[in-house]
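You will see two complexes here that share chain A, one where it goes with chain B and one where it goes with chain C.
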Partner chain A sequence: MLEILIYGAVSSAIYAMLAVGFTLIFGVARILNLAHGAFYALGAYAAYAFTSLLHWPLFIAAPLAVLLVALFGVLMERFLVRPLRYSQLAVLMITLSVSLAVEQGLFITFGSEYRNVPSFVADKISIGGVDIGGQRLLTLIAGVLVLLLLWLFIQRTRLGAAILAVSQDPEAAQYMGIPTNRIFSVVMAISAGTAALAGVLVSPFLTVQPTMGLLPMVKAFAIVIVGGLGSIPGSILAALLLGYSETIVAYLISSSWTELVSLVAVVITLMIKPSGLLGRRAAF
Partner chain B sequence: MPLLEVADLSVRYGKALAVEQVSVTVGQGELVGVLGPNGAGKTTLLKAISRAIGSTGTLKFKGETLERLPPYDVVARGICHCPEGRRLFPELSVLKNLQLGAYLRSNKAEIAEDLERVFALFPVLKERQQQQSSTLSGGEQQMVAIGRAMMGRPELLLLDEPSVGIAPRLKGLIFDAIEKIRKDGTAILIVEQDATATLRIADRVYVLEHGRTVREGRAKELAGDEYIRQVYLGV
Partner chain C sequence: MKQLSIVDLSGAVVVVALLALTPVLLNSNYFTGVLTVCVIYAIWAASWDFMSGLTGRENFGHSLFIGAGAYTAGFLATVWYANPWYSLPTAVVVAIAFSLIVGFPTLRLRGPYFALAMLSASAIMQRLCLIFWEYSGGEEGLYGLDPLIQSPLHYYWFVLAILVAAVAILTALAQSHWGLLLRAIRGDEATCQAAGINVTFYKIASLTISAAFAGLGGALYAHYQLQVSPPLFSVVVSITVIIMVYVGGIGSIYGPALGAIMLTLLTELLRTFGEYRLWVYTLTLMLILFLLPNGLIAPLWRRLTERFR
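What follows is the complex of A and B.
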């Protein structure tokens, strides 16, 4: 039971980090970003390149990886997405293309082999008789901290208030003197950065290979549909639901069945409550 | 030199010409009204001045051109726009909405001073400051919208149909507040369908129809104009 509680919390933290960025950029800029999984993969590969190839210390490699991917996200939004932002279909195609290009780029650069990243925390820690890898525990703590900081940033700062304003009415926000395009860049940086951080944190205990962004992308998409597109609390709630459901299914049935959980959750949500648990409007 | 100078301004939506060669001036501390039926181009004119939409022609504020500026720079120069339909941030509190009006300002003491000024103008907002703005009545929402624009400490306030959808009792309060704002020295360009109230409070008035200026002059003179009396005042 305790095992389910702890491992479910770790999965939920990873999913929440992924989904919050995905829902944030949709909620603020209406960008349905299919390249979100690529940010996660780039974060993991940057961690691999800096630590295993360049032998940089982790405390430099990890933040640098997150910053570089955030910058990549900002450049993608500025030069590829922004000129076409008013066409949802064009945005979908552009972000899908970026996702595939990143995957191909990683394949060409690093090959198709699985890569290993050293753990930030190598020790195992025992909680109530349950052994948990230090890296997983770090991921859980980092996930909770990131979400807490993000919440504080949005609720308590001037820039956070501007993000909320743009998400609710971008035109009215302009009349307040809020530079909406700069806000989109900030939000894209946060979105890409949180996805990259998730990639960096899981890279020591999950598989690092070029297609690693696809499944998390599907999960992030599923979570925001279940939670409600554009709703951060909804995404966190759905991440918890999905993280624990998958862990329970893995323990009670088999880990081969876990990938079905998110798909079933999406179908049920779209049939019963298309706006999601805490969403304002139907996702599609 | 007028505070705002708009000359030969035209705005197109695709192939449709929404505003055609319109010229408007607003002097320091002046209250200027723009009347006209739905679709006359009044809202488009205000949006063009705020640079929320592109336009051709001359747009000058305090002698400096606004033509290439992004909307946030227009606010920084001293023009605040209170848009049609109020456009509050519905999930934010009244206080957060008002504070966002001062987004470009950094002097906290001055912002607090202006907040008290808004509360003095609309006392009900002080009581409701923690309330979510979407739960207010239409009139109260309009008060927040005007107060929010005033939080930018504008030299020129653009007001788009402030009396639409408001109970008659609150309408009077809104127009009284507009007069007070003008008396305190802020110039106002107000777009309205309520011709009686606009002709009462404005110094000068422009009448737009089909995107063109069809009448302009001092409010008192236009109030006696036969065409205005028949079409806009219904007498």
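What follows is the complex of A and C.
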């Protein structure tokens, strides 16, 4: 029972980190970023390259990986997405092609084999009789901290207020003197950075390979649909729901059925409440 | 609604004749095979264009229907040992069933839900193929399908005939009152609803038609490769089809079909690039997105034939 509680919390934290970035960039900039999974994979591969290949100390490697991916995201938004924002299809196409290009790039540079990244925390920690790898616990703590910081940033700072304003009405925000384009860049950096952080944190205990980004992105999308497109509290709630239901399904039935959980969740949400749990707008 | 002109018809006849005669002149089984794949991709691209090009609801998981059709053919051949000719109608039925299952919950909705739902549905189907490997053959997929027609050249002509029929049917539908409604939905869905058009019905019906042809193409592909495997469901297949449609000119049906043939031939020429092939593809797409937002083939054809109309 405690096992489910702890492992469910860990996967929820990973999903929440991914989904919050996905929903943030959609809510603020209306960009459906299909390259979000690529950011996650890039983060994991950067961690692999810096620690396993270059043997840099962790406290440099991890932040640098996150920063580099955030920069990549900002450049992508500025030079590839922004010129095509007139059409939603073009944005979907360009982000999808970036994601394919990244996947192929990783495949060409690192090959298709699974890569191992050394654990940041090697010890196992026992909580109430349940052994849990230190790395998973670190992921959980870091995930909660990041989400908390993000929430404080958006609710308490001027920049956060500007982000909220743009998400409510980009034109009105622009008239009030908020530089919307710069806000898009900031949000893209946050979004890519959190996805990369998730990738860095999970790299020691999940498989690192070029296509690793696709399924988490599909999950992030499922969470965002269930939580309500554009709503951050909604996606955190949905991440908890999905993370726990997957863990429960894995324990009670079989781990091969977990993939179905997100699909079923999406279908049920779309049929019963298409705007999602905490969606602000109705979807139709 | 514009009618088909003599110019368009004669253009079509010339292209089809060229396609039908090229393998006879080259007389190489390898090249006939390449052309067969070209034509199957053309069926997929044309079927994608009918739903997504006309209504503007982008389907990012066309591989769901392609894979469903191909796996239907695979199961029929390896589990039930059925006559291979049964697999074409069965694949169509299965693909239609899939389109209804996905279409009903998602096509009622506005915005990007449909694109994302299709993308995830195809990704999840690919995973399921690997998870239930006892039934689906896992990574290796299903082997030992029988060819529909023994001679590669005759099979190529058969597939080409299906492409011509598919493009003719889809173009006829697109030019009809029905097609006009679909275009109107792309223009302004709310206005269509206000005008008393059952928007959801038209969207789902057009997805069903699109899926039927995609599934048919999938079964044809399975009987060409004589095996099916999970990558048929992959996002790469969907995006390849979408790139072909983009190159051909979205919304014109014949453009995407020709775009598919052109790009598949190009891919064959790029075979020496090996791993870099998909990069070349992605780069092509980015260039087209920035330089030719209306595509290449259909706008070019319209420009060339302008003076004869």
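What we mean here is this: the second predicted complex is superposed on the first by the 281 of 284 C-alpha atoms of A that agree within 3 Å, B and C clash if a C-alpha of one lies under 4 Å from a C-alpha of the other, contacts with A are read in each partner's own complex, and residues count from 1 in each chain.
Throughout what follows, contacts are C-beta pairs under 8 Å (C-beta built on N, C-alpha and C of every residue); 3 or more make two chains touch, one makes a residue touch a chain.
Predicted model, so just to flag it, every value in this text is computed and none were measured.
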| item | value |
| --- | --- |
| Chain B versus chain C as contact partner of A:T109, first or second or both or neither | neither |
| Chain B versus chain C as contact partner of A:L100, first or second or both or neither | second |
| Superposition-derived comparison: chain B or chain C, residues of chain A touched | C |
| Which superposed partner A:T157 touches (first chain B, second chain C, both, neither) | neither |
| Partner chain(s) touched by A:T207 [first = chain B, second = chain C, both, neither] | neither |
| Partner chain in contact with A:V267 - chain B first, chain C second, else both or neither | second |
| First (chain B), second (chain C), both or neither touched by A:L215 | second |
| Chain C-facing residues of chain A, complex | 32, 34, 80, 83-84, 87-90, 92-94, 96-97, 100-101, 104-105, 107-108, 214-215, 218, 221-222, 225, 229, 256-257, 259-260, 262-263, 266-267, 270-271, 274, 283-284 |
| Chain B - residues contacting chain A, complex | 50, 52, 70-72, 75-76, 80-83, 87-92, 96, 99-101, 103-104, 148-149, 152 |
| Partner chain B, residues of chain A touching it in the complex | 158, 161-162, 164-165, 168-169, 171-179 |
| Partner chain A, residues of chain C touching it in the complex | 56, 58, 60, 105-106, 108-113, 115-117, 119-121, 123-124, 127-128, 131-132, 235-236, 239, 242, 246, 275-276, 278-279, 281-283, 285-286, 289-290, 293 |
